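The two complexes that follow have chain A in common; it is paired with chain B in the first and with chain C in the second.
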Partner chain A sequence: MLRVENLTKIFRTGFLGKGEEIIAVNEVSFLLRKGEILSLIGESGSGKTTVARLILKLLRPTSGHIYYKDTDIWDIPSKTYWRKIQAIFQDPYASFNSFYKVDRILKNVFKLFPDKISEEEKDRKIYEVLERIGLDPKEVLGKHPFELSGGQMQRLLLARCLIIDPEVIIADEPTSMIDASMRVILLNILKELSNKAGKSIIFITHDISQAFYVSDRVLVMYRGRIVESDSVEHILFSPQHPYTKRLISDVPKLHEKFKFTLT
Partner chain B sequence: MAEKIVNAGRLIVRYKKLLIGVIMLSAMVIFCVPGMILYPVDPRAIIFRDLQPPSSTNPLGTDVFGRDVLAQLIHGTYNSFRIGILAGLIATLIGIAIGATAGYFGGIVDDILNLVTNTFLVIPTLALLIVIASYIRIRSELMMILIIGATSWPWTARAIRAQVYSLKAREFVDLAKISGLPRHEIIIFEILPNMLSYIVMCFTLQMAGAILSEAGLSAIGLGPTALITLGMILRWTIVWEAPRIGTWWWFVPPGLIITLIAVSFLLINSGLDEIYNPRLRRMR
Partner chain C sequence: MSLVLEARHIEGGYNLGAGFLKAVDNCDLYAYEGEIVGVAGESGCGKSTLAKLIMGFTKPPLKLVGGKSIVDGIDIYGLSWKERRSLWGKVVTMIPQASMNALNPTKRIRDIIFDVVKEKFPIPPSKSEVLDMAKKRFEEIGLDPVALSMYPIELSGGMKQRAVIAVSTLLNPSFLIADEPTSALDVSTQKLLLELLYTLVRKKIVKTLIFISHDIVTLRQICDKMCIMYAGEILEISDTEAIMNRPLHPYTKGLMESVISLSPSIRKTTLKGIPGAPPNLLNPPSGCRFHPRCPYAMPVCRKKEPSLREVEEGRFVACWLHLR
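Then we have the complex of A and B:
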């Protein structure tokens, strides 16, 4: 579905870009197949969100290319592209414009479609999608974002994606700001989307256990580079890169108490 | 009932800056707008004896031409307000347009607009106003408004730019983009509503600044000749050396009203700032 080749993004600061250089993404290449969930793991500042923004055409790469079905994404008209690639972001509270009711964010997506859609048709579609992901339309529609919980908001954003019905969904740390009990529900929706509806999903996280729960393949990013990419099993049982090893050893174990050792 | 009074009291204490500012400003507005009807003396009519101290016929005395000072003050305040509101509006709109464009687009657009803004910032406004006002031969109210509006936008532009710069990094802007909203719609309908409070605050400061600029320009003789404004009254008192001949009823009131208007706008601004920015609320 998506092929990323030697993707590099360098941020420059200062007047006319004459200041410091920050290499956020460094020669990243990977492939996203149809119907798979690919996890992108990395610590804060490792460049994973920049990769997401590059794929979403929110940023232009410094060098390298992203191909969607063998066409460079910058050669595809943006509206056409965004009907195929969509995203949910980390912070549901910042994803809604607190000035408007939540309905607006759902209705806005119809602007991506070239033909006129009647209001009844829009409402019907919205209801259908909300019920599909287990939200009561009467409970969430017509409300302001601050009247809803983080979990409800994040599911609304997922509903927004589903109205567009894209082929690729980029989920950028979608569970990091919501209640623990909501996390599994959200992760299960993502799994179902890939298994039953054949959506390709890039799941970005810093939590290796969530990545193992949902994904088929894992990419480990460290300081702008992909240092390891393999199937879940391989990474979990024979990590190669020291950063991956540290990530795995840092996961709190369910059956072990915390042992504090002074070295 | 008692609880309601206590709550109301608490609100008044909390927002006392804003409240005092609003009361002062309302007093000024009441002074000039109904004032023109309740005190129907022609401010231009030379019908009294000159330089009379306050009396029952002329509550604030008369000026050197024998015109009623109170009537002049009422009309002057009204005209100063009108100049202040319109010039403030122009300055705020230019500031929003330039600031929002620079902040949203960033990169080279930002660099160029920033350069322009900074250039305007370092030029002393009054000096620039004097140069412009002395080159332009037309001394009309409209010219005054345009000159003040076109020179006082840079601070607003900077403030708006900084706000837009931080707001555009919020995720709802990214979501609006990938929902296919055009850029101008994102700026106007997604970003600007989130800074309405900020814009209102900029506007109050701009109005205060414009009224002071008008007074300053008019006082040194660059004001609208045919119009009575607070600045123009001060101008005549300076020309006829009112302070030296001791006609206090002529020069004290316009200065006082200019000060009160400026202070009330600043109080409103600072009061709004406390409401919108809870960190500024003083600990009690």
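Then we have the complex of A and C:
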């Protein structure tokens, strides 16, 4: 579906970019296949979100290319491209215009489509999608974003995404703002989308257990580079890079207690 | 073992335009010396409000409606606001949720410390005395005293968190409340912080710690006792091990079943989560507050509210499944 080759992004600080160089993403290459969930794990500042923004055409890479079905994404008109690739971001409150009511936000989505769609058709589609992800349309429509809970907002972002019905979904820490009980429900929806609807999903997270729960393959990013990429089982049983090893050992587990020694 | 915290029938909430929102309803919490007590629950269940009410931080719109809180023998609500203020930092301290942002960015760490000390003593000790105290505390919690002359911006997230803990425990408070101290940190820093909190209590720098978090997995790492809150009420209190081995309340069970643990079998299992959303506290449901989301709800759950009772030795639960 998506092929990323030697992607590099360098940010420059200072006046006219004369200051320091920050290499946010360094020679990153990977493949995203149809219907799979690929996880991108890394600590804060490791360049995960920059990769997402590069794929979404929100940033231009310094060097390297991204191909969508063998066409460079910068050769595809943005409107067409964004119908194929959509994202769910970390902070749902920052992703919606808080002056608009939910129905207007969702109806605005239809502007991405080239043909005119009748109002009834729009309503029908919105209802269908909301019910699919377990939101009661009567409860959320007609409300402003700030009247909804974090979990509802996050699912609304997903709903927006599903109305467009893209082939690729980029989920950038979608569960960071919601409670554990709701988190699982959201992850299950993602899993279902890939298994049943055949969507390709890039799941970005710092939480290794979530990545292992949803994904088929895992990429571990450390300081802008991909240091490890393998199937979930391989990484869990035989992590190669010291960073991955530390990540796995430091995750708190439900049926195990950390042993601290008093010094 | 002496009782450090005795909070009885605490009730309180916020005065909003739409009415009074009772965020905490009839909560009892006890903590003994040397104990780490975990408070778990989803966002908006009243964990932080309970902490504020325990330490007497009733700044409007927050209001105490009933109950009392006795910390280290001092009846908090027998004191005036000014007297309470002087207790914070010396007897009871809170490590706030956003402790990363709790440090004034324009001041060096040591100046922040001087300010804190100046505020708490009518006749402040000399700067060199304070500095010695601070150096000692910094070393105890594994932070280089060099950080004292740095600005907050020069410290990493984990170091800032430590600095905040150093500042808040400087005056040797007997009782520490940590409100979601680990939620903004990555797993490695989080582990270090858990170790630090654990040592603080075990080394008897603080007598008791109340650790508030929405994440039962982190709580379980260091807490001796756990208390599960939902919609302003305490649903279950027990030893951590007992809860982990056999949760009694369906909500606790649900929380544990939503934990994504790092194990090979995780990919094959489908976790359930808890469908539905917590109730609106302006208009809480009748009977047990968890019944609309509870898979075991019975007719009685809709009508009568269960109270927290000891059903087995040391195990308190508020659920009709266990009460007769």
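Here is the rule we use: the second predicted complex is superposed on the first by the 261 of 263 C-alpha atoms of A that agree within 3 Å, B and C clash if a C-alpha of one lies under 4 Å from a C-alpha of the other, contacts with A are read in each partner's own complex, and residues count from 1 in each chain.
The rule we apply is simple: a contact is a pair of C-beta atoms (placed from the backbone, for glycine too) under 8 Å apart; a residue touches a chain by one contact, two chains touch by 3 or more.
Just so you know, these numbers come straight off a predicted model, no measurement behind them.
With the C-alpha superposition on chain A as described, chain C and chain B fit side by side in the combined arrangement. In the overlay built on the shared chain, the residue A:Leu236 is in contact with chain C alone; chain B does not reach it. Legend: residue contacts after superposition of the two complexes on their common chain; A:Ser78 is shown touching chain B, with no touch to chain C.
In the superposed model, A:Phe146 lies in contact with neither chain B nor chain C.
Considering which of chain B and chain C touches more of chain A, the answer is C. The superposition-derived angle at chain A (between chain B and chain C) is 80°, Cα centres, a multiple of 10.
Contacts of A:Gln86 after superposition on the shared chain: chain B is touched, whereas chain C is not. Minimum Cα separation between chain B and chain C in the superposed model: 11 Å. Chain A uses no single residue to touch chain B in one structure and chain C in the other.
In the complex of the two chains, the chain C residues touching chain A come out as 42-44, 186-188, 190-191, 194-195, 198-199, 202-203, 214-218, 220-222, 244, 254-256, 258-264, 266-267, 270-275, 277. For chain A in complex with chain C, the residues that touch the partner chain are 43-44, 134, 149-152, 179-185, 187-188, 191, 206-210, 212-213, 232-233, 236-237, 246-248, 250-255, 257-258, 260, 262-263.
Partner chain A is touched in their complex by these residues of chain B: 107-108, 111, 170-172, 174-181, 190, 193-194.
Against chain B, in their complex, chain A makes its touches with residues 15-17, 53, 56-58, 78-79, 82, 86-87, 89-91, 94-99, 105, 108-109, 111-112, 157, 160.
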